[in-house]
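Naming follows writing order (A, B and C), and every chain is counted from residue 1.
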Amino acid sequence: MSRSPHYAASFLYEKPGPRGRRNILIGSVISALVLAAIVGLGLWQFGSHGQLDADKWLPFTEWAIWQYLFVGLGGTLLAAAIVAVLGSLFGAVLALGRLSRLRVLRWLSTGYIEVARTVPVLLLIYLMLFGLPQLGINFPTLWKLVIPLTIANAAVFAEIVRAGILSLPAGQSEAALSLGLRGGQAMRLVVLPQALRNVTPSLVSQLVSLLKDTSLGYIVAYTELLYRGQVLSAFNHLLIQTFLVVTLIYLVFNGSLSALASRLQRPGRRRAPIAVPLPVPGASVPHTEKETHA
Amino acid sequence: MNILSENLGLLLQALGTTVMMTVVAGIGSLILGVLVTVARVSPIPILRAAAFCYVQFFINVPLLALLLLAVFALPDAGLIMPLTPTAIIVLTVYEAAYVAEAVRSGVNTVAVGQVEAGRALGLSLGQSMRLVVIPQALRAVVQPLGNVMIALAMNTALAAVVGVVELTSRVNKVNLVYAQPIEIFTAAGLVYMAIALAIGLAAGRVERKVAIVR
Amino acid sequence: MSVSTSMRRKLPVAGAVLAAVALTLTACSSGSGSVPGETSGSGSTDAATSSLFDGAPVADDTLILPDSTMAKIKERGKLIVGEALDAPLLSQQDPANPENVTGFDAALAKLLAIYILGKPNVEIVPPASETREALLANGTVDVVFNTYTITEERAKQISFAGPYFSSGLAVAVKADNTDIKGIDDLGGKTVIVGANTPAVTEVPKQQPTAKLVDFATDPQAVQALLQGRGDAYVQDYTLLASDAAANDKLKVVGQPFTKEPYGIGLKHGDDDFKEFINTWLTTIQDKGQWGQAWKTTLGTVVDSEIPTPPAIGSVPGS
């Protein structure tokens, strides 16, 4: 996660000698052939079923089709933006709660985080779709997607922020306190800004993850990219083409975000941001690495 | 309670499907993920690039889009399998990308001296990967891998959308009959929490067992 | 694709252009290029709908009771309808022109909007078949036009106006299947059904040995049938007829084996609104808009005269 692939690989072997170079060359040729064979086989399979025919792809040269999908992408981005803002705010509050000196706050925050991280978002969406109407509570479609996603993502944001805070040397807050800052001030002025800067890459990765989660809008019939793809494919009967195009749009968009995340992570900045540890629910052992996840 | 007892058989069957999907896709993604990591840190540029693309693809595309593509679209190209195996394969290749990310960060924690010592002993690259680097890398990432496995267990719920009758799908059907969503979905949520807890505890146990005290 | 909406409505030539567009878009892999559902369906629907809506009845102000749902809709200036976007000839969105949603349900929804508002101002909220009750219960939509069969079970959660159309469950198979000729041949077979549709309970009643697989949407179910994930697909006859018209790899076999009266879903207990809608239904049935809407949509694929609409309130639950 934290270094470019080349960097990660470089310490595993020395600069190859003549024999090494020959072996690498042979390996390259073999793997190129194998990869080409896999791609070729896939293309052949598609081609033999007529999936590469021009008339199956030509509709996607129409601007109107892209416009239709981009409206969906707009819906995806809107939902993702709202979840990002609400989730990170709520997450920061939860993180502070979990680190609080008040036992009640600590328990409540910890309990929330553990529960929200271990229930499928789909289940939360169903609960929202079917459960709340029974209680007479009603939200617009957008919020039926946004609220469950916020509930789930806030817990992850909380863990990221908490990890950032814990990663700071205790000296930072001690120094702030010795300067006469009160606890809240030290947190706000000294600890949080540094903690957030340290975990920026993880926060961006989480953005990618929640942007992917908005595809669940498909289930609540919220106008987002995947849902528009579904309606489009029902209209044109070009399922492979439509879903591949939708996949490509996600890839380009999220890929840019991910690239941004790894740029932020590259060493050489004033102080390389750290990788954030996320504990496994139920495990109490201290840990070393992190994984944020959809 | 009435609902539970009347549907116990079907619910247990669905829970079995969820657990089975988690276990099979879990093992599959661990193996595939390690292989992708090996490719990613190999000295062969084209393998590194391929592994990089693999990881980037699956980290940036929603699982639900992949499931719809695999279940409803790919059969048009003659690629068809029963629903549950299709869902398991998609889950496996998807989570493998996350496993690969986790293991790679573990590779980075292996001290350079370890590899150099291996080389000094005359180990080839393959040997030093297999005997020195990967075992240590895996130990360092038990917790992150535990998180990936928990995410996998949660993600099996998405198979409900493409017609696999696993736990979420089954409780949704039960709810359509009994119309008691809050009780039914909350109960299902507790079951998922239990699964996550089990994975978490297992990860904790494994980590205590394999942890390297430095 | 550059045909403007107004041209499309008025000129016959525009229909041909649209047909060509639909052909490009639909392009069946069989390469036969015959897509009768989409071409004749959407083309003629468009031409006909303008005249359909031109003379459509508008309710007297006296019918819009103060503080009623109708009054609220009128104040809002639009009718919010739960209807599909992916059901050919019933309610299908044209991705090249997303404002254009056509079909029988869509036409009726617009007619109801005209009746209340004087203009066909409709906002569509697409429901999955599992969420319709929830959408009505929590007030997300005013009405549901969604091949929504009136059942006593459902009538406990919501109210139904109508019935406005009478259909039935039928069996569809792949075009090359010659074994299955109707519901009687489904014993021991794998049968695809739509989640939360009447078929879920009806098929086991008639064929206890059939194995059911359900999918959330009609396009998914059609796709599953064509891929061989089941031997047959049991669904509402009109929906199947539209699917078969849009896709020649699918055919409907036998006659409908149940009676499925479609209702207009409303919030539970909203009796004023129900009576209002029933009055509207009678009006458009008397004045011919109902028949015209049928003829230009479902009538293009169902081989019969304009059917007699079912009597309002004739079904338990309505």
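Everything that follows uses one rule, which is that a contact is a pair of C-beta atoms (placed from the backbone, for glycine too) under 8 Å apart; a residue touches a chain by one contact, two chains touch by 3 or more.
Predicted, not measured: the structure shown is a model, and the values here were computed from it.
Asker: Chain adjacency by touch: line, ring, star, complete or other shape?
Answerer: Shape = complete; every chain linked to every other.
Asker: Tell me which has more C-beta contacts between its two chains, A-B or A-C.
Answerer: Between A-C and A-B, contacts are more numerous in A-B.
Asker: With chain centres defined as C-alpha means, what is the inter-centre distance between chain A and chain C in Å?
Answerer: Comparing mean C-alpha positions, chain C is 38 Å from chain A.
Asker: From the mean C-alpha coordinate of chain A to that of chain B, what's the distance rounded to whole Å?
Answerer: The computed centroid separation for chain A versus chain B comes out at 16 Å.
Asker: Can you list the residues of chain B that touch 2 or more other chains?
Answerer: 72, 76, 161, 172, 179
Asker: At least two partner chains per residue is the criterion; list those residues in chain A.
Answerer: Each of 49, 51, 130, 134, 219, 230, 233, 239 in chain A touches at least two other chains.
Asker: Which chain C residues reach two or more other chains?
Answerer: 29, 223
Asker: Can you list the residues on chain C that touch chain B in the complex?
Answerer: 29, 130, 157, 195-196, 213-216, 220, 223-224, 227-229
Asker: Can you list the chain C residues touching chain A in their complex?
Answerer: Residues in contact with chain A: 1, 24-29, 31, 85-86, 92-98, 125-128, 131, 133-134, 137-140, 217-219, 223, 246-247.
Asker: Using the touch definition from the top, list the residues of chain B that touch chain A in their complex.
Answerer: By the definition above, chain B touches chain A via 40-48, 50-52, 56-57, 59-66, 68-69, 72-74, 76-79, 98, 101-102, 104-109, 112, 115, 119, 125, 128-129, 133, 140-148, 150-151, 154-158, 160-161, 168, 171-172, 175, 179, 181-182, 185-186, 188-189, 192-193, 195-201, 203-204, 207-208, 211.
Asker: What part of chain A is in contact with chain C in the complex they form?
Answerer: 49-51, 55-56, 58-59, 62-65, 68, 71, 129-130, 132-134, 136-141, 219-221, 228, 230-239
Asker: How about chain A: which of its residues touch chain B in the complex?
Answerer: Listed in rising order, the residues are 1-3, 5-6, 8-9, 11-14, 16, 20, 24, 27-28, 31-32, 35, 45-46, 48-49, 51, 115, 117-124, 126-127, 130-131, 134-135, 208, 212-213, 215-216, 218-219, 226, 229-230, 233, 239-240, 242-244, 246-247, 250-251, 253-255, 257-258, 275, 277-285, 287-291, 293-294.
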